[in-house]
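Chain lettering (A, B, C and D) follows the sequence in which the chains are written, and residue indices restart at 1 in each chain.
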Amino acid sequence: MNSTAGRPLRVLVWGENRHEQAEPHVAEIYPDGMHNAIKEGIEENLGERVSVTTALLDDPEHGLTEERLAQTDVLTWWGHAAHAEVSDEVVERVHRHVLAGMGLVVLHSGHWSKIFQKLMGTTCTLRWRSENDRELVWTVDPTHPIAQGVPHPIEIPQQEMYGEQFDIPRPDEIVFISSFSGGEVFRSGITFRRGHGKIFYFSPGDQDFPVYHHKDVRRVIANGVRWAASDRPEREMPVLLRYETGDFFNGHGYEGAMRDRVGN
Amino acid sequence: MNSTAGRPLRVLVWGENRHEQAEPHVAEIYPDGMHNAIKEGIEENLGERVSVTTALLDDPEHGLTEERLAQTDVLTWWGHAAHAEVSDEVVERVHRHVLAGMGLVVLHSGHWSKIFQKLMGTTCTLRWRSENDRELVWTVDPTHPIAQGVPHPIEIPQQEMYGEQFDIPRPDEIVFISSFSGGEVFRSGITFRRGHGKIFYFSPGDQDFPVYHHKDVRRVIANGVRWAASDRPEREMPVLLRYETGDFFNGHGYEGAMRDRVGN
Amino acid sequence: MNSTAGRPLRVLVWGENRHEQAEPHVAEIYPDGMHNAIKEGIEENLGERVSVTTALLDDPEHGLTEERLAQTDVLTWWGHAAHAEVSDEVVERVHRHVLAGMGLVVLHSGHWSKIFQKLMGTTCTLRWRSENDRELVWTVDPTHPIAQGVPHPIEIPQQEMYGEQFDIPRPDEIVFISSFSGGEVFRSGITFRRGHGKIFYFSPGDQDFPVYHHKDVRRVIANGVRWAASDRPEREMPVLLRYETGDFFNGHGYEGAMRDRVGN
Amino acid sequence: MNSTAGRPLRVLVWGENRHEQAEPHVAEIYPDGMHNAIKEGIEENLGERVSVTTALLDDPEHGLTEERLAQTDVLTWWGHAAHAEVSDEVVERVHRHVLAGMGLVVLHSGHWSKIFQKLMGTTCTLRWRSENDRELVWTVDPTHPIAQGVPHPIEIPQQEMYGEQFDIPRPDEIVFISSFSGGEVFRSGITFRRGHGKIFYFSPGDQDFPVYHHKDVRRVIANGVRWAASDRPEREMPVLLRYETGDFFNGHGYEGAMRDRVGN
């Protein structure tokens, strides 16, 4: 039902790509980088309906130029060790594009990225442990498009634990809630709207475990990508405008806060 | 039911106090400043249950020092012409206190303040017109404590129009929806939780009209102040901690993103 | 993205069809009945993507047999003068189908139908006046698929007034809020999930005014029909089942509340 | 902040009281019945702020006469084996009182009671297992008054498992999410508003385990009772009324659906 009808959805998979370079055990699990595993998972599920490319932290402007974002329907975000290295200017740019209608899928440790924190307005903190917990991902919203085509629950044999309290605004929708063998729970699949943009956060996925090779995890990410694509035809920021009485359609630009605007 | 049981709620009314200085017609309506009208309205309704003070933009550190905020249960915020003059450092400080549990009541044009934008993560834009519209404030959540003691609707003879679309996250609760004589509608009384803090936004109120002298508007603001006071006994930020398996109560501080933390 | 991919969505437009028979001024506006105007509006917007039929109160079993409902993806409901004549048995049947995944679009005075009340659990009362108010329908959720393709606001020159308080559960989503020339406001486009079913309530539409001939109203109803279609492949009721430890996928039927079930 | 200021909150603890009679192992855990354990837990936490009485299924009219309900601020409900024995007339009566403003706290297997199903409009089914699981009750809404004064998580050594999917409308608030040693999760503390009434559902509590003797469970129930008490001064049902243009405060009774009301 979205606005791309007739052409493939343009998906940009953003990856930090540091663990894969610095830690051999990660490189072994993800020889082409996590970003390529994520890309493959989306293509595996959506085929010709998507056109997926990747961008990395170490690319110029992190691969997230104005031109690139303008050509992106949905951006996926994976970062962890180097959140602080993402430039504030690029974060502002991505923020503007989300508010203007670009979809955003934030993955796993991306919960602590600058862009997610900026969109949420909270600390986005949680409790965690990386000790080979088993994660079970339970669907609590069976009507949601993101929950289609996966078992209830999804079983992930080895995972980092993310537990409540997850310091986020109340989600628009809670699609999945996870439990971990240690007993913790987590709102692991949640949606938000911000401006004209749709955001899906999905916590399963870690550098130390082969989670992005998991069939069901890949299906959820692909579902999330489709869901996050805007139904609106244009990319535009919300604006503050003055409307005269009886004219609902022609807003004026804002001209300052004081009444006697010309004089002041 | 909140944590201040036994002592008055400490309320800090923050005012920009510029229109009152620069515009004679505003000074006439609010000879003691809007901040004092707001203060009186809270005292009028809550009496000995509150201890209300004021702080102004032109005070040192805008009157919002660490010490002052630590002694504040609920902060109310009115700003308009000088949002840009509020220092980023103070905004960060207020943000931390809200996430740690300080209540926040944002009034009228405070929708476009730095602190509200930072907490919302959106542009907080809307449509507006200052032309003597009549505003009707309808209660849509009759069970909400903030809606108690006011007529349905509240009638405000003269008001600036604020209309949808209001670019905010989906509110936790919509208490009031307003209509204006020009035909516009607005979600005029809405709540949010962020971190450990509770936030109430209430749009009626303007420098050009005597809205802060309106009995029902004053009652709503007082109700909002009571509601925003935290039920938690302590002021503390959410934190990210590691918890070992089986130990649910003793978290460790975070020590970095890479696995071999000491070695790296 | 829904489960009907490859075949048209089967839409059943249900109409009470009494005003059209009893009141000449209604028959003049809707010579083929309101149900046919609604049907045409859906076809006008969705074309070959839908197959639309109608059923009427005076049909045997109100045209809502088990077989008919089983072949229906989305049911639209218009009733007013004869809510009480709808048999409880048929209401139970429609309720089961909604919980099992059939979409439901409830129109205008359908807010007081047995089926809507049963799904909501509340009185579904409101304030009203039929006096030629102008209604403005404002989009408050610009990302919602139901809000696509219509102006902001939709202008309806003549309409019955429906005003708050509307006694409904908090909606999952508020897509539209209306104002009326008399000053009232109404949550006029709202969604709910119940069981595996999706429900859209849309208030514009009345027997006394030509609202179902209004281009934008027709577009919203068509959008609502598409949205309400289930993404789940099967029609099935939620069930209560016992699951043994470690077996997440094979539930047993419930065998009674007392522990010694065989003995009792 | 509620309307009972100055007098104790009148709480009525309703119990089915069948397991205690029929099953010796239950009578051993709850020698005075579960209803009295629940009553004691509320009194233990709220002391003189409450006046608690009990009513049982086998009382005349189940102890829920019009007079009794009119004198009740908050009703708590525990039923399991005999949901079907609760008369429809009494269910209607309780339903009316909830919509008119009586608070309702539904406990554990009360999820499948007639009154809860009627208020929810769904099947209220779930997955379950009674096998000595450990339950951990995690707070996900740290600002909520119901979550105050209990550890995060609450540990319940032995409990029946209740797991998702829980077929309920999207809750207004999710206060607690539980995990079970078997790996299941459950939205175990949730709130709803219906009409003028506030409803809290809390799942911990079972006839086979001493859960209602658990200090933290008792605290949550007491918190829930306080929260569910109405802030509105009067007990009144929402009604459908006609309001003339410009008169916002004097509604007329409804006089029938057809236009020419007198003539018809």
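Some observations on this one:
The criterion applied here is as follows: contacts are C-beta pairs under 8 Å (C-beta built on N, C-alpha and C of every residue); 3 or more make two chains touch, one makes a residue touch a chain.
Chain identities (UniProt): A, B, C, D = Glutamine amidotransferase.
Predicted model only: the values in this text are computed from it and were never measured.
Farthest chain from subunit D (Glutamine amidotransferase) (centres taken as the mean of C-alpha atoms): A. Centroids of subunit A (Glutamine amidotransferase) and subunit B (Glutamine amidotransferase) (each the mean of its C-alpha atoms) stand 29 Å apart. Per-chain CA centroids place subunit A (Glutamine amidotransferase) at a distance of 32 Å from subunit C (Glutamine amidotransferase). Counting only residues that touch two or more partner chains, subunit A (Glutamine amidotransferase) has 136, 141-142, 152-153, 163, 165, 170, 172-173, 183-184, 193, 248. Taken together, the touching pairs cover every possible pairing of the chains. By the touch criterion stated above, subunit B (Glutamine amidotransferase) contacts subunit A (Glutamine amidotransferase) in their complex at residues 19, 22-23, 25, 80-82, 99, 109, 112, 118-123, 125-131, 133, 163, 165, 167, 169-170, 172, 182-184, 192-195, 208, 237-246, 248, 251, 256-259. On the side of subunit B (Glutamine amidotransferase), the complex with subunit C (Glutamine amidotransferase) involves touching residues 134, 136, 138-142, 152-153, 163-166, 170, 173-174, 177-181, 183-185, 187. Interface residues of subunit C (Glutamine amidotransferase), counted against subunit A (Glutamine amidotransferase) in their complex, comprise 1, 101, 136, 141-145, 148, 151-153, 155, 172-173, 193, 196-198, 226-227, 230-232, 248-249.
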